[in-house]
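My structure is below; once you've seen it, I'll send some questions.
Note that the chains take the letters A, B, C and D in the order they are written out, and that residue 1 is the start of every chain.
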Amino acid sequence: MARMKFYCDAERCVECNACVTACKNEHDIPWGVNRRRVVTIKDGEQGERSLSVACMHCSDAPCAMVCPVDCFYTTSDGIVLHDKDICIGCGYCFYACPFGAPQFPESAAFSSRGKMDKCTFCAGGPEDDNSSQETTKYGRNRLAEGKLPLCAEMCSTKALLAGDADVLSSIYRKRVINRGASAFNWGVNFNNSKIQG
Amino acid sequence: MLDSFRSSILYDVLKLTSTLLLVFMLTAPATAGPGPPKRPDFPQGVSTTNPGNDLWREVRQRDLPVTGTSQVKGVDSGVLINVEGDRWARFRIDNPVRHAPTLLVAVVLVLLAFYVLRGKVGIEGGLSGRMVFRFTDYERSLHWCLAIVFLFLAITGLILLLGRTLMIPLFGHHLFSLIASASKEGHNLFGPIFLVSLLLMLVSFARRNIYEKGDLTWLLKGGGIVGKGHVSGGFFNMGEKSWYWLVILVGLAISISGLILVFPNFGQGRVIMMVSNVVHVFGAIVLIAVSIGHMYLGSIGTEGSSEGMKSGYVDINWAEAHHDRWAKTCHENDEILSAEEFARLQGNPIDSGDATTGAAND
Amino acid sequence: MIEYLIKGPLWYFSLAVFCIGVLWQMARIVFAKGKTDLSVARGSASSGAIRNVFSRFVPHREIAAQIRLQVVAGYMFHLGLFALLFFAAPHVHFLEKHLLGFGWTPMPHWAFIVAAQFAFFGLILLWLRRMLNSVSRLISTTDDHITAILTFVVMLTGCLALGKGFHALNLLHFFTVELLMVYFPFSCLMHAFTFIPSRAFTGAWFGRRGIDA
Amino acid sequence: MSERLEKGLNMLRQEMDKKVMSFFSSCVRCGVCAEACLFYTETRDPRYTPIYKTEPMRKLWNSEYSFWGRLASKLGISKPMTEADLADWEELVYDGCSMCGRCSMVCPLGVDISMVIFKVKHALAVAGFSPEGLVGAVQRAVDIGSPMGITMKAVLATIKHAEENTGLKIPMDVEGADYLALLSSNEIALYPEYLEALARIFDHAGVSWTLSSEAYEATNAGLQIGNKATAGQLVQRVVDGAEKLKAKNVISPECGHAYTALRWEGPNFIGKAYPFRVVHILELLDELQANGSLKTTGLESDRLTFHDPCSIVRRGGIQAQPRNLLQPIAQNFVEMKDHGSMNWCCGGGGGVSSNERAEELKHTVFNRKKSQIEELEVDAVVTACSNCRMVMEEGIEINEMDIPLLGLTELIAEHLAEKSN
């Protein structure tokens, strides 16, 4: 039983926004909606780091907890999806989400937001896999085709990884160990380090 | 007077509840209960570690600034971790969603018990039939407008708050979603009408609701419910004034927080939204609970009190029982109408039989 | 099935009843008997008629203070409803697609809501006044209450259906509109059309007597 | 169905024209008319709401001309109209309405409510639901020639008296005179000064005029009660008299309802257009002043105001003329609040003043005029209708106000300039 997760390696992310573009392109997402975004901390300063963020498919998702119409569900792969036929566009999930993943096509006066849209882990929605309805509402269902999310597949530095949590864990572990071998690369400590990289 | 006794009981109940809720709120992250039941797709008990955990833990624990920048423009798009979101979500589930139904049912039960035990509070000597003018057409229209809009907002609001627990099991997800969408759109549309009515209410009634000297006595005597006999009151008595200011102040709080929630286009952040939501829900539940008491007293609770908001005239005996100081000025100004005169002003004179019922029936 | 009924036969039925009913009612007025006035006119009847059709939009200053509630609420309701009826985006699209073949610029969503709020506030106040004021209560008929409630329900279902993607709510709105359209020609809702001949007749009368009304 | 009900309903059906149909299908029962009605504002009794006074007509329209009513009667579930539907409205229509027409001015849907009330009066009159006072007046008008029972003998006495006072010959039955002057009973019995004023003014202006021994009475009790046949009969007398003398013009006296009856409703009552022109005395005076044949002198220093008689101003369109006439002679002229076509009625129009039953109500509703006058602190009130004048004098006396009432024509006569030739 797989448990699908994203992992973004802050040491590798170069803020190229290719993941954002790939995602928008793959799912034909309208302007204003960004299922994925890259956040840069300390931009232009020492210790600058970037992270690519989207829905993290939490095990105990706050969005699902707070949804007044209970439109979220978790797939057998551990992916948190939602049913746009049920969503009423109230915006609660956006308040509750730690990562700011839920997006709305509009945010007009009198709370006209439209149906919530968020990262599906390229797994579509409740409709039949890659049916035209599913594609219109949620974008492509790559998982059903045996493919991983495009954002991770596209990532040129392999900073963004997507897949089974156990596999990602082992990759990450290996990276940490390798990085530890070089004192200069112990990046996160640049701030306190006497040696200016 | 009974009115505000009720409201004072409710006050206590509400104070207690709100204190409890505050305690819950502060301890919510620690005592957070389990989330809503998951759909059975995902096997429970399978525990895997998210490789990202370490990273996010680091981001949160290190003294890095939480706000960064992003090429993506949007509300809070530079915020990496929204720390309050989960707390708010749990608070919402654990407090208003869990306890509001209990509170509202309790209020209804208390009133029912009171009605059974004490019955309708009458007036010594009964109603005289002689009437005195109290509220203009405009004032009554405004009151009922506020009442209708309030009821609509209360019902749609409660659907959005409690529907998931109470209605989805009955209607299923799709039908409930339909109801919830309608409720949401209606709620957002009628909210500003509530605010406008409230402000007009403030303008029309504020002067008569300023607390006066005798009001403290009224409060000390418990609105006449504890001891025997009615307590002195002016045009509005202490209980009515308290209800009025509760409506105005809590109503304004609800309205302002509602406006913050309903205009996402101004780009206020999530924290402001969540605080507004808490204020909104709390204020609403308080107001709904107390309004049930108000409705009880205005209808079956007290003899003769509904007439003032229907015809605009009240029985002089009712006025003397509940608003003796005002009734005195009415006597002084010779404003009391006979039953015949009152009937004539209502367009159904007592003497001229059947035909005057007029147009209403065809 | 229900959708087919509402969007098919029922829609055409109500559209026909509405159109034929309104035309029939108007024709009845136009072709009803009416005597020519044999007295010598002092002023022009036709200019009086035209003037009166417009001048009655503004209340006489002598009683404006006494009828402020009706005037303010009345204007809020009618202007709001007018804006909703002809400038709400779904209505413009519907008219363009199914009735007229051409469209115009609809108002933005926020303006829709504001118009609806004006209309609702006005309608609620007017209807409450109808029930609370002793004059209105005495002269009101069942028809007045039915039309008030029906209009309210139509507006409400329309606004509740604002959420995107809830087809059943749209159908509900559609259905209530059909009820309204069927009821329209046989009720005082006809004042939406008959106010013109009514004002014109009176205006002509005033006009030929040389009265500035 | 009783005969009188049948008669009443038939009259209602006869009066159901395109106007009434458009009125009832546009009325939304907003109640605005109530605020314009003197009888409602002074009593706050909702039954005096103008549109409520038209209920018999509306009920008939509803049961026989509206879709639901006709459906109900086809199905046999409609409630037929009863005698009470007419009888109960007698008091509202005759006592509680002075036909002032203020309601017709304010209706947002443009309903001429006053006209519909008049039509209801027709039905009540033929069905026999009319107050005794008016029935008597109609009887006297038909039998004696005047609603107040004034005979030709009394008229001649008045003429003689006027001739003595003015030293002028008052022409009687002069064939081919330009103007045939009519009088109202009030003017003969209560205000003979009017006739003297006419004599002086016409002498001054060189107008060729006459009175007629056959047609001297201008008032029309038939109009007040709403009986079109009688009204036509009374109008016909005037027409015959004028035709006999070959008068080109007929002068309506100041009296408001007489003017309505002669000028506007008369041709319709008798079913044909007049061979002469009807002109109101104020119109005529205004014309004479405009063409220079009427010259006035001297100024009234008293603070004066003008009460607009409903039938002459609001329903008659003579609004500017009295002001034109007053302007050169009144130094201290002030307008009433709500003056002109929205002025308040004295409370005695439409036959209310001839209806003893309505006395108390008439005095109650006079409060409005009283406060209008008191507010201005005037020395005297000028008006141009002997009925208004009589009703207001009565009201002023009851309220102990001590303000004299002046007839406009008499006032002009007092200010005639010396003849230039």
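Note that contacts are C-beta pairs under 8 Å (C-beta built on N, C-alpha and C of every residue); 3 or more make two chains touch, one makes a residue touch a chain.
This is a predicted model, so every value here is computed, not measured.
A.B. asks: By C-alpha centroid distance to the whole-protein centroid, which chain wins?
C.D. replies: So the chain sitting closest to the middle is C.
A.B. asks: Identify the chain pair with more contacting C-beta pairs: B-D or C-D.
C.D. replies: Pair with more contacting C-beta pairs, B-D versus C-D: C-D.
A.B. asks: List the centre-to-centre spacing of chain B and chain D in whole Å, with centres computed as mean CA coordinates.
C.D. replies: Spacing between the chain centres: roughly 58 Å.
A.B. asks: For chain B versus chain C, what separation do you get between their C-alpha means, in angstrom?
C.D. replies: 34
A.B. asks: Please work out the Cα centroid separation of chain A and chain D, and write it as a whole number of Å.
C.D. replies: Spacing between the chain centres: roughly 87 Å.
A.B. asks: Would you mind listing the residues of chain C that make contact with two or more other chains?
C.D. replies: Expected reply: 113, 133-135, 137-141, 162-163.
A.B. asks: Among the residues of chain A, which ones contact at least 2 other chains?
C.D. replies: 85, 88-89, 108-110
A.B. asks: At which residue positions does chain B touch at least two other chains?
C.D. replies: In chain B, residues 177, 181, 184, 188-189, 345-347, 358-359, 362 touch at least two other chains, as defined above.
A.B. asks: Taking touching chains as linked, do they make an open path (line), a single closed cycle (ring), a hub with spokes (star), an all-linked set (complete), or other?
C.D. replies: Contact pattern: none of line, ring, star or complete.
A.B. asks: Please list, in label order, each pair of chains that touches.
C.D. replies: Pairs of chains that touch one another: A-B, A-C, B-C, B-D, C-D.
A.B. asks: Can you check the complex and tell me which residues of chain B touch chain C?
C.D. replies: 137-138, 140-142, 144-145, 148-149, 177-178, 181-186, 188-190, 192-193, 196-197, 310-312, 345-348, 358-362
A.B. asks: Could you please specify the touching residues of chain C with respect to chain D in the complex?
C.D. replies: For chain C paired with chain D, touching residues are 25, 28-35, 37-40, 42-43, 52-53, 56-57, 59-60, 62-63, 66-67, 70, 74, 130, 133-141, 143-144, 185-186, 188, 190-191, 194-195, 197-203, 205-206, 209-213.
A.B. asks: What residues of chain B sit close enough to touch chain A in their complex?
C.D. replies: For chain B paired with chain A, touching residues are 35-36, 38-39, 41-43, 46, 48-52, 54-55, 58-59, 62, 64-65, 68-72, 74-83, 85-86, 88-90, 92-93, 160-161, 163-164, 168, 173-174, 176-177, 180-181, 184, 188-189, 261-265, 267, 270, 273-274, 277.
A.B. asks: For the complex, give me every residue of chain C touching chain B.
C.D. replies: Its residues touching chain B are 69, 113, 116-117, 120-121, 124-125, 128-129, 132-135, 137-142, 156, 159-163, 166, 168-169.
A.B. asks: Mind pulling up the chain A residues that touch chain C in the complex?
C.D. replies: 84-85, 88-89, 108-110, 112, 114-115
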